[in-house]
Amino acid sequence: MSVRTRRFSELTWPEAAEAIERNAGVLIPIGSTEQHGHHLPLGTDALIADDLACAIAADEAQDLLVAPCVTYGYRSRPLSGGGPHFVGTTSASAATLMGLVQDVLESLLEQGFRRLALVNWHMENQNFIYESAYLALKRSPAAVANGARVMIAEAGFGGLSDEMMELLFPGGSFPGWDVEHAGIMETSLMLHLHPELVLADRAVDDEAERHPFYDMLPVPDAFVPKSGSLWKARQGTAEKGAACWPEVVEQMRRGIALELPR
Amino acid sequence: MSVRTRRFSELTWPEAAEAIERNAGVLIPIGSTEQHGHHLPLGTDALIADDLACAIAADEAQDLLVAPCVTYGYRSRPLSGGGPHFVGTTSASAATLMGLVQDVLESLLEQGFRRLALVNWHMENQNFIYESAYLALKRSPAAVANGARVMIAEAGFGGLSDEMMELLFPGGSFPGWDVEHAGIMETSLMLHLHPELVLADRAVDDEAERHPFYDMLPVPDAFVPKSGSLWKARQGTAEKGAACWPEVVEQMRRGIALELPR
Amino acid sequence: MSVRTRRFSELTWPEAAEAIERNAGVLIPIGSTEQHGHHLPLGTDALIADDLACAIAADEAQDLLVAPCVTYGYRSRPLSGGGPHFVGTTSASAATLMGLVQDVLESLLEQGFRRLALVNWHMENQNFIYESAYLALKRSPAAVANGARVMIAEAGFGGLSDEMMELLFPGGSFPGWDVEHAGIMETSLMLHLHPELVLADRAVDDEAERHPFYDMLPVPDAFVPKSGSLWKARQGTAEKGAACWPEVVEQMRRGIALELPR
Amino acid sequence: MSVRTRRFSELTWPEAAEAIERNAGVLIPIGSTEQHGHHLPLGTDALIADDLACAIAADEAQDLLVAPCVTYGYRSRPLSGGGPHFVGTTSASAATLMGLVQDVLESLLEQGFRRLALVNWHMENQNFIYESAYLALKRSPAAVANGARVMIAEAGFGGLSDEMMELLFPGGSFPGWDVEHAGIMETSLMLHLHPELVLADRAVDDEAERHPFYDMLPVPDAFVPKSGSLWKARQGTAEKGAACWPEVVEQMRRGIALELPR
Amino acid sequence: MSVRTRRFSELTWPEAAEAIERNAGVLIPIGSTEQHGHHLPLGTDALIADDLACAIAADEAQDLLVAPCVTYGYRSRPLSGGGPHFVGTTSASAATLMGLVQDVLESLLEQGFRRLALVNWHMENQNFIYESAYLALKRSPAAVANGARVMIAEAGFGGLSDEMMELLFPGGSFPGWDVEHAGIMETSLMLHLHPELVLADRAVDDEAERHPFYDMLPVPDAFVPKSGSLWKARQGTAEKGAACWPEVVEQMRRGIALELPR
Amino acid sequence: MSVRTRRFSELTWPEAAEAIERNAGVLIPIGSTEQHGHHLPLGTDALIADDLACAIAADEAQDLLVAPCVTYGYRSRPLSGGGPHFVGTTSASAATLMGLVQDVLESLLEQGFRRLALVNWHMENQNFIYESAYLALKRSPAAVANGARVMIAEAGFGGLSDEMMELLFPGGSFPGWDVEHAGIMETSLMLHLHPELVLADRAVDDEAERHPFYDMLPVPDAFVPKSGSLWKARQGTAEKGAACWPEVVEQMRRGIALELPR
């Protein structure tokens, strides 16, 4: 089956009606507007979330649409995004983010869509968007009775193959996903997906002085690398991105095929 | 002065820092995801709001950036957008919309931006986004003391020249801006700006059976044309859009030059 | 049919029970407490809203009651009410106004009233009170199933006859409804309805230096006339008010007769 | 000193400015729209609150204004007002009531008023309006630094003289203030203040079957008298009202003179 | 019938399932963390509320469980708890307290519990927790249809016998329950229930300079005794506590037996 | 230095004043009331959080107090706690949890405490309590200026030594912390800390059928083990708990010593 476009925003309403009729699903990409070091754009998370949703939807067999991306995410946290003090980082409060995702879900459920997925690429949105999904379904008993389901993919992917980990972080140099912010993987993905938006020559290898298991407010300087790259951005390459991306996409595709079958 | 990009989301944070240093302004486009008849896409309002912001910012002399568009707007109302019962229309509640715009404004004010403008293209967002601006400034006394100002352009433009009105609505056939939804002007603008997204052959000339000065809930069928076009969409042309657009853009540019000088 | 009183607040509860039994309607007047120039009282909008509701209800055939007036409205806006900086202007936030109107509607729906109308006379309340009605009905599915309907008359009237316009604004001098605040029409209506509350000799003809299509915060001095009258208050007369009032009332009566028949 | 009117809503804004200049105080009456038995109107609490504020303000020496009454109070409770199931009772939620009173207080503080009092006549509003005052002052540090103060008179009076108690409740028959709802005192006050609004011949002596120290939801029938009068309404007389009223007024006047001196 | 424990928090979930099966009830103790003079601990109200719930539940015949205590109560008020300016007093806002109690009730109702009681020992929580119960039941129509009921015991007890009053407040020296804060009764109960937590030698007999029927903010010094004991703490004894406690417990037990029978 | 008690709730207010004077810190334990399999009590998380705070505070050199535990946590999630459908699980919404922790922090900051730490033992509370701390500090500028700091220890510990991991999960059998719910570590800690509350003979080794990297609502049966133990509870022993506990405690102590020095 082939449709004119997978972008929800590009459909006319009669096309949306046909999509509901076919039991098409809707993916809602969720990102952030957040500093990503000296070399990646503020919109990195939103771009990747949207790319990921589009790549999933490119599998026509699943009949999925991509809703407009939630581009303002929850506040950046010091240990996973540099925190609130970098300029450019433009965030939503918890209440607003939860409300927005809940409204969008309720609105789609009310229209009759029954296969919904939150495709998130910003760690700080975790838990908040689960609450959105929980409340949206609680207030949509008719949709639930009619079989509506929501996937909450807060992590974007569940892990990479050993080969891929070795490619990205050779010799067991993986520092943990929380510092994978404007680091090797994100830089590689952006070089693969949006090379024109990467200022590669400005990338720096950086690291916080300290990276404890707890957070502190006000944020200690030692918790945040000056560049905003939480890890070795210069090791990112377009090749690594090209290798890694299909693995990420495939995991999400499989998950959706399993949990939200047509 | 020339900068790499006017898209806020494409900047790195050091570029955002430079922009603040230069006292660059930020435009926040606000639209909707809402039915626009048989021929225009759901994202029409968001697209036009974003286009308008970009067109304003194309005047390099004003040094303006364009923040990510607020793509989910307030609920569509029956008399100006067809109301909540068209599928595809995916909306935010008043509380969420107000919270989101307020958060974005507070976030930008905190970073040090002082020239801000809300560029809206969805009538139903009116008043809500004023409250956002009011509260954001009330909670940012330091920014206000430092000269921060917010323009709230709820209407996108203040009126068109007599010549333009005659071109768009010949012979005094102007039906009022509230029904200019997926009608002549919006269709013309979309044919000019995004012809590839218009299904022109599906456009219909339509009109509600009744269009009173008050609203009713639940929505009476007679208030809403079946097609979702509130007026004569077939009279829209790319030429009219090309003629009209610069007049719209110019009004906003002048307003910003006057109220938010560098 | 004749009842002891049309004021909801003057009924006993058994009389309210009888009213529900008869399927009587309830009008909820909504105004503001807001500066109205040198000559009109702060309560002007609330008084006119309440007068309008009472005048509508004076048509016994429609069997309507008038609920206590919502006297604190949304913040005054610079271009339509002078804005927040006049003393005397005492306002509710968007959240509070929405909550109050929603609570009153839900409460009346729960009692069994099914013919409800919001009768508003304060432009700034627009959209907020629509959200109240929308949410109240969404949370009252049993009432909706039972035929409950809400009219949202945000504007009080839909326009005046050409004769009336010529009487009020002779020679095509109509400046737009947004500046009709403590101007010719409101002054005339108050002189007709509450002459004892008008300090007519203090009325001034005033006008803002600039009146653009957008708003600014903080409010530029040039947007607001010093007197608080947005237009030529001295041209208001009791005669104009007496001529105009029945036309306003009649429009609302017809609307209610049509949309909320007994 | 004599002023044209003590009603805040009847002032023009320049008169409000003069009042602030003189350091005039503002009383905010708070009542309810709630069943009051077979003989008293739904607006009884709002009327008495407003009357009380006006009576206090009639002492010109204190230079007090009376703001528009908050006419929708918190939900009626079974043991002190009959509870939610009487038709006519039209209530605000806790969140709305708190928000409204807070907004009004903040608005008056921002204008420069420094002597404020909440004059309440609806037991169920207690604690909620204290929170309003607490939050309004917390968010108005400049006003507090400038000497602003708020009296929270949740009870309207502190007790009556022994003579008055004997007059109202002869032979020690006082049943407690919580059941003094549409009972002897309220009936007497209304017969004194608004005899035209009392359907005296319909008054009944009533009493709940049980009146425990706790509440139950859903409300047991035994907790609420069928008539809605919680006590012996037929013992109310205009004479008792006339005797009692000055004692109530005087207590409030003394309190205000002591706590909010000019 | 005998169960392993009456503490809800000590049950396993299969034991909770059995309790629901048996139609066991759940008591939710609600207290505060608030100054209680020189001699009683900050947790006094929470301790007594929890003790009271446990004592009620010790009557095995009623098959009641005790949920975790709500230990942070509404803000202390000057006239009944000393107000916000004593250090140690750590409070919840109205919105938070209402939300927490509502969430707990909704959660228990959803699990299937149908006999619920709020056991409160902090005057300032009154009305707020009623709103919680009201809203929880409104949003749980299935539970209500299934017979769920909530007791709201805001006062802990309804009054004491004449003998007990004479024992506690000999010679008619009872000053009113509102100042019974860290006074004779609370001191006595704590000496009976938790003698190890009472610094009896530091107790002082104290009294506010003035104790009017209204509140003031900011709090006048004269309204609050310096020690934080609102009354004669030194007259409290373990004997009085031992005598008084069973009377308090018995009232609650009878109420629950009557209103929430198994 | 030695004080009478480290429990905040057991202090009198003058003792709280002394603690502030000494610049004592306050730990706020945060847990949940949530199913923990067949053998652990519903209060497991709250107990461990409270135990952890007390154990940290037992290091007198740091001069720390333990505030009353937040015993109702955010909703249990399917993959880390079994989800909402186990009876016994009694949760707070996101809004309530955030509000409560924020209120407590603001209250302590206002009193003058400057060394604060959130000690959490319920994964689902993550991010929500960060927002609480963020907002509390944002609204307490005077406290921040005075050096106040908040630690947000969402995880309780940062990892265990290799020896300890081998002891708990021999042979590399560690399944990930998210399923360590009523599993080996929690069971061991409870056997060590509260053996009387563990029904050890009912413990089962369990595991979800599927454990993907995303969540689904409504919850698929395959995501949740029937017993509620997410892992091999029977491998928990008091010995393992005794070995593990000091390592956990020590990490937190070091963190606090480093970040919140006296």
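All chains are identified by letter, namely A, B, C, D, E and F, in their written order; residue positions are counted from 1 within each chain.
We adopt the following convention: contacts are C-beta pairs under 8 Å (C-beta built on N, C-alpha and C of every residue); 3 or more make two chains touch, one makes a residue touch a chain.
Being a predicted model, the structure only gives us computed values, none of them experimental.
The fewest steps needed to get from chain B to chain F, moving only between touching chains, is 2. Sharing over half of its contact pairs with A-F by residue number, the repeated interface among D-E, A-B or C-D is D-E.
Chain centre most remote from that of chain A: D (centre = mean of CA atoms). Averaging Cα coordinates per chain places chain E and chain F 27 Å apart. Separating the CA-averaged centres of chain A and chain D is a span of 54 Å.
One finds 47 Å separating the Cα centroids of chain A and chain C. Each of residues 93, 95 in chain F touches at least two other chains.
Taken together, the touching pairs link the chains into one ring where each has two partners. One ring covers every chain here, and the order obtained by setting off from chain C toward chain D is C, D, E, F, A, B.
Put simply, chain E touches chain F in their complex at residues 7-17, 20, 33, 35-43, 46-47, 67-69, 71-72, 86-93, 95-96, 99-100, 102-104, 107-108, 111-112, 197, 199, 202, 228.
Touching chain D in their complex are the following residues of chain E: 74-75, 77, 84, 93-95, 98, 124, 126-128, 130-131, 133-135, 137, 144, 149-155, 157-159, 212-218, 220, 251, 255, 259.
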